[in-house]
Amino acid sequence: MINLSVEFDIKGKPSTLSLSIGPQHPGSGHFRLIITVDGDIITDIYPDPGYVHRGTEKMAEYRDYFQNIPHLERPIIIDSTGITLPFCLAIEKLMDKEAPPRAQYLRIIMAELNRIISHLYWLGIYGPFLGHTTMFMWPMGDRELFIDLAEMIGGQRVTFAYTIPGGVRNDMPENFKDKALKIFDHFERRLKEYDDIFINNPITDKRTKGIGVVKKADAIDIGLTGPNLRASNVKSDIRLDEPYCLYDELDIKNNIPVLSEGDCWARMMIRRIELHESMEIIKKALKRIPDGSVKLPFRGAVRVPEGKIFVRTEAARGVMGYYLISDGGKTPYRVKLSVPSFRSIPGMPIALKNVRIGDMPPIYWSFDYWPVEADK
Amino acid sequence: MPIETFEQFIKRILTIVFWLLIIAPMILAPILFIVIESGLIEFPINPYALIAAPDLIMPIQLELMASSFFKVVVFPGFTTAALVATVMILFERKFLAKINLRVGPLYAGKFEGFLQPIADLFKLISKELIIPKKADKTFFVAIPFMLFAVVSALLSVIPIGPSTYVARSPISLLIFFAIMGFFPIIVLLAAWSSSNKFSFIGGLRALHQMISYEIPLILVAVSVVILSGSLDLYQIVIAQKTVWFIIPMFLGACIFYVASLAELERIPFDMPEADTEIVAGWLTEYSGMFFGVIQLAIYVKFYALSALFTVLFLGGWSGPGILPPEAWFLMKTLIVMVFMIIPRGFNPRIRIDMMVKIGWKYLILISIINLLIAIVAASILSG
Amino acid sequence: MVTVEVSTEKNGVVGVLAGKLNDIIEWGIAEPARYLINWGRIYALWPVHVETACCSVEFGAVHGPRFDIERFGILEAFGSLRQCDLLIVFGTVTRKMAPRLKMVYEQMPEPKYVIAMGACSINGGLYFDSYNVLPGIEEIMPVDVYVPGCPPRPEAVIQAIMLLQDKIRKSKVR
Amino acid sequence: MSTPTPPSNVNVEVSIKKEKQLVEKMKNKLKNKFTLDSIKPGRINVIVLPNNIVEVSKVAKSICFDQVSSVAGTDFPSDNEFEVVYHVACVSNSRYRNIIIEISTRIKKSETAKPVINSLYNVWRSCDWHEKETHEMLGIVFKGNPELRRVLLPEDWNDIPPLRKDYILPGR
């Protein structure tokens, strides 16, 4: 049934060399970039995604709303709250219900924790892509601390399935706040060490500044989102523009970094600053979190009234949008995921044009492209 | 009976040795008796006397140790260097792990994974050797042995002690650099014969890198020659009796350090093997023991350049008499090697154009300044 | 590694002697050599860097300081697959990935080992009914150790490595 | 929209003021080339005919809707139609950043020909890859898209596009 003899031809022109970067390449994920190099300069880029296309959207039509939550978080398990939260919001809006305030705050805490976990993983891969092995190990080690925190609330290492329609699965334990603040203090110190060893390293500066530039107009035009867009001097963040989950009560106006360079360095720094700012947001949320129940009493299969809705939230990689059509049945009629990684694919040909082969891995990864998410 | 644990293995080996010791006299002694008594073979010393008086063996051993074969192959030659390299491979892995806040190899060997390189060696020996269909087979197979030979030759000119050296020549420094000139060619051949795009890019990068960094390396060596007044590495060590050359020529030592990092393809200059960019560079197609031999040769080259650094700047084998001079030499070399490993812990890799720019623009300029310093220092030192 | 073929078909004294000699060689040389080679393989499993799906996140965590798989001699993401001997299939294998994965497996030198990590690589897992996912990888390559979980915890991956080591320890050397 | 109490009618009226202004602006320029489906806080849903979609979207772009968030195609076998919705967000103007305009259009299915619609690539470059995906998943041809190639499905896929409702999952 499965054809195992597909030919992997890559197109090439005379006097240039075509290189297939991926899917088995230390500098690629589950993704292939076919680049044409003239000497050491990349002249042509042909992104070839689809190695992890698992038919999530089709399969979502066969699962009911609760079954869909663990199913829909699989595309991006390092940011699982980021991808399940808009789905739950969409269901709640179609049912015209609101989660209790404590649940909303818990969602904020979990989403920001996930943002930190995701950014740390990103930083951990960015290090070796620049040839810095220590920068792989340190973020991976410190990520475990935040995974511990998330595990305290969610009960799993990465796939929490924490947000459900009508609230969150369970309340946070009592000692969470103390432990979280302790870990944040520790991590603030660690971040300074990261700065010393990697971020402010003169070689990192030289290698990332001024390469892979995506200008503001281009960034808007090709549809970049999230940190990539904010690195190109656009202050666009759904948490601020269209606040969900009581983000508007937290006054996060100053917690959203914007840089104007639009290069590899800016995209790195945005995430580096967001690591810090997400902790600040969690601290604010922990201060204001009210008491009360954490979920509406749902039992059994949810029946969502007929309707269409588009909901978007700010996940770690950018705008996570869901277009949900319900026909009143047990299962959704159509779930369309608009994932941020998919929207950063067109950024690569622009950023990778006329750079050297050596700059390809850092530029590619500076978009925080997560192929599993993009392929759905 | 299958062996499953380490204890069983040791027990088996001991049993084999025991039985061999029992059986060997029973079979060998009569044969030896017949051979000696029949007078078919003339022995310089009566073998019976050897058994009776062990001190007669010493002259033979000394003669063996003085032979050039022993010198090339075992002591100051390849085996010593390979041993040091093996220790360094293990040390590098443990040291990097400690920087990374990890443990590093732990279970190979009962204590702190100290047998890890041996495990790697056994694995590589037993691994399948793949020669790609489109590769130039002759060169592809020859490259590991060529590297091996060149590296051994490199070691032969370095004097380890006042009387411990393989070859002494009035122009041994020149010979060292002449032999080092083979590396770019071998690497390019390796890259080309693999017929792999990534190999080829890696080979070209290595060529760029080695050629552009050999010039500052040689210019610094020239300044050492000016200070010592000799091209002989032995004489250079003797000339450092009063003051090590690292003191008048700290700048030169720094250049030499940076340039040898580039020459050795170590981070931050590891573009020829940058795995996230071009898979494994010119090593991409090598598998099994070919890879092992090349890696060993690279580490032995690492040792050779560190040894050269010791000879040129750290006074070679000179040191207080509490230890033999060879020990001082090896100790200094090991310290230099550790210093060459440290940048790997906290530096990203640089780009090829930056590397070429640093090499041609800055390092050559600074090494010419260093040459002037050397001239001034030489005039001061000579009074 | 060392195999000495002495014919044992002859009857009589010669046959018996040859059989004994074979046994002695097996006992004294082949068996210690087998142990030694296998011991080397156990502690030098270098994994291929081929990611098929999301379980690679947990494999990244396994390399991290908390779990540190290098204790077992496993290097972090290694350069070329020509020098690797462990293929860890990180989860879902799609129809587009399957031929590539098989190609990667075929390009690795012998001996090679495969760990199927995650429910998806065992039988399709969560994606059992998907149109683009292989129901397990055993139809394209032989698998040594299966690690269930979605995704498996790092401890499970370490256990899989230890099981694989056990398997290698008892295996014959070719 | 995120207040804990259910919003009263007065609040809704106030919160959709901006949206109404935008719709007025579009109506002035386009007369009756689109029909307004619904206005919710932050969401304007307009229905256009396939022929008018380029014109409408050009106007939408001129009033600062500059980034396509998603292009969602849906199969409605009961109506024998495909629905294509462009969700267009505003990024450059902070005043309208909370608003998404949903331009939806419906294409009739036919037994013989593939469903065809004009691509909006020349209006918004950001819809390029979304259109590729929709083309692949539903078989809708976007006329004017420069490179409608296969992105997600395997090279040897020769079944009907998987997101159509008459494609049954093999595992079910």
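Going in written order, the chains are labelled A, B, C and D, and every chain counts its residues from 1.
Convention: a contact is a pair of C-beta atoms (placed from the backbone, for glycine too) under 8 Å apart; a residue touches a chain by one contact, two chains touch by 3 or more.
Note that this is a predicted model, so its numbers are computed, not measured.
Visitor: When A-C is set beside C-D, which has more C-beta pairs in contact?
Guide: A-C
Visitor: Report, in whole Å, the distance between the mean C-alpha point of chain A and the mean C-alpha point of chain C.
Guide: The mean C-alpha positions of chain A and chain C differ by 33 Å.
Visitor: Return the distance between the CA-based centres of chain B and chain D, expressed in whole Å.
Guide: 66
Visitor: Just curious, how far off is chain D from chain C if you go by their C-alpha centres, in Å?
Guide: Distance between chain centres, rounded to whole Å: 49 Å.
Visitor: Between chain A and chain D, what distance separates the C-alpha centroids? Give it in angstrom.
Guide: 24
Visitor: For chain B, jot down the residues that touch at least 2 other chains.
Guide: Counting only residues that touch two or more other chains, chain B contributes 100-102, 275, 279.
Visitor: Give the residues of chain C touching no fewer than two other chains, as numbers and ranges.
Guide: Touching at least two other chains: 65, 77-79, 94-96, 129-132.
Visitor: What positions in chain A touch 2 or more of the other chains?
Guide: Chain A, residues with two or more chain partners: 3, 6, 25-26, 50, 53, 55, 58-59, 62, 128, 133, 136-138, 141.
Visitor: How do the chains pair up in terms of touching? List each pair.
Guide: Touching chain pairs, listed by label, are A-B, A-C, A-D, B-C, C-D.
Visitor: Name, in rising order, each residue of chain D that touches chain A in their complex.
Guide: Those in contact with chain A are residues 1-2, 4, 6, 42-43, 45, 66-70, 72, 74, 85, 87, 89, 91-92, 94, 97-98, 100, 102, 124-130, 133, 137, 150-156, 162-163, 167, 169, 172.
Visitor: Where on chain C does chain A make contact in their complex?
Guide: Residue positions touching the partner: 48-54, 56-58, 60-61, 63-66, 76-79, 81, 92, 94-100, 102, 104, 126-127, 129-134, 139-140, 150-151, 153.
Visitor: Within the complex, which stretch of chain B touches chain C?
Guide: Contacts found on chain B: 1-4, 6, 9, 12-13, 16, 19, 93, 97, 100-108, 113, 115-116, 118-130, 273, 275, 279-281, 283-288, 291.
Visitor: Touching chain B in the complex: which residues of chain A?
Guide: 17, 19, 25-27, 40, 127-138, 141, 197-198, 201, 203-204, 206-207, 356-361
Visitor: Chain B touches which residues of chain C in the complex?
Guide: Touching chain B: residues 1, 27-28, 31-32, 34-37, 39-44, 65, 68, 70-73, 77-80, 82-83, 85, 107, 109-111, 169-170, 173 of chain C.
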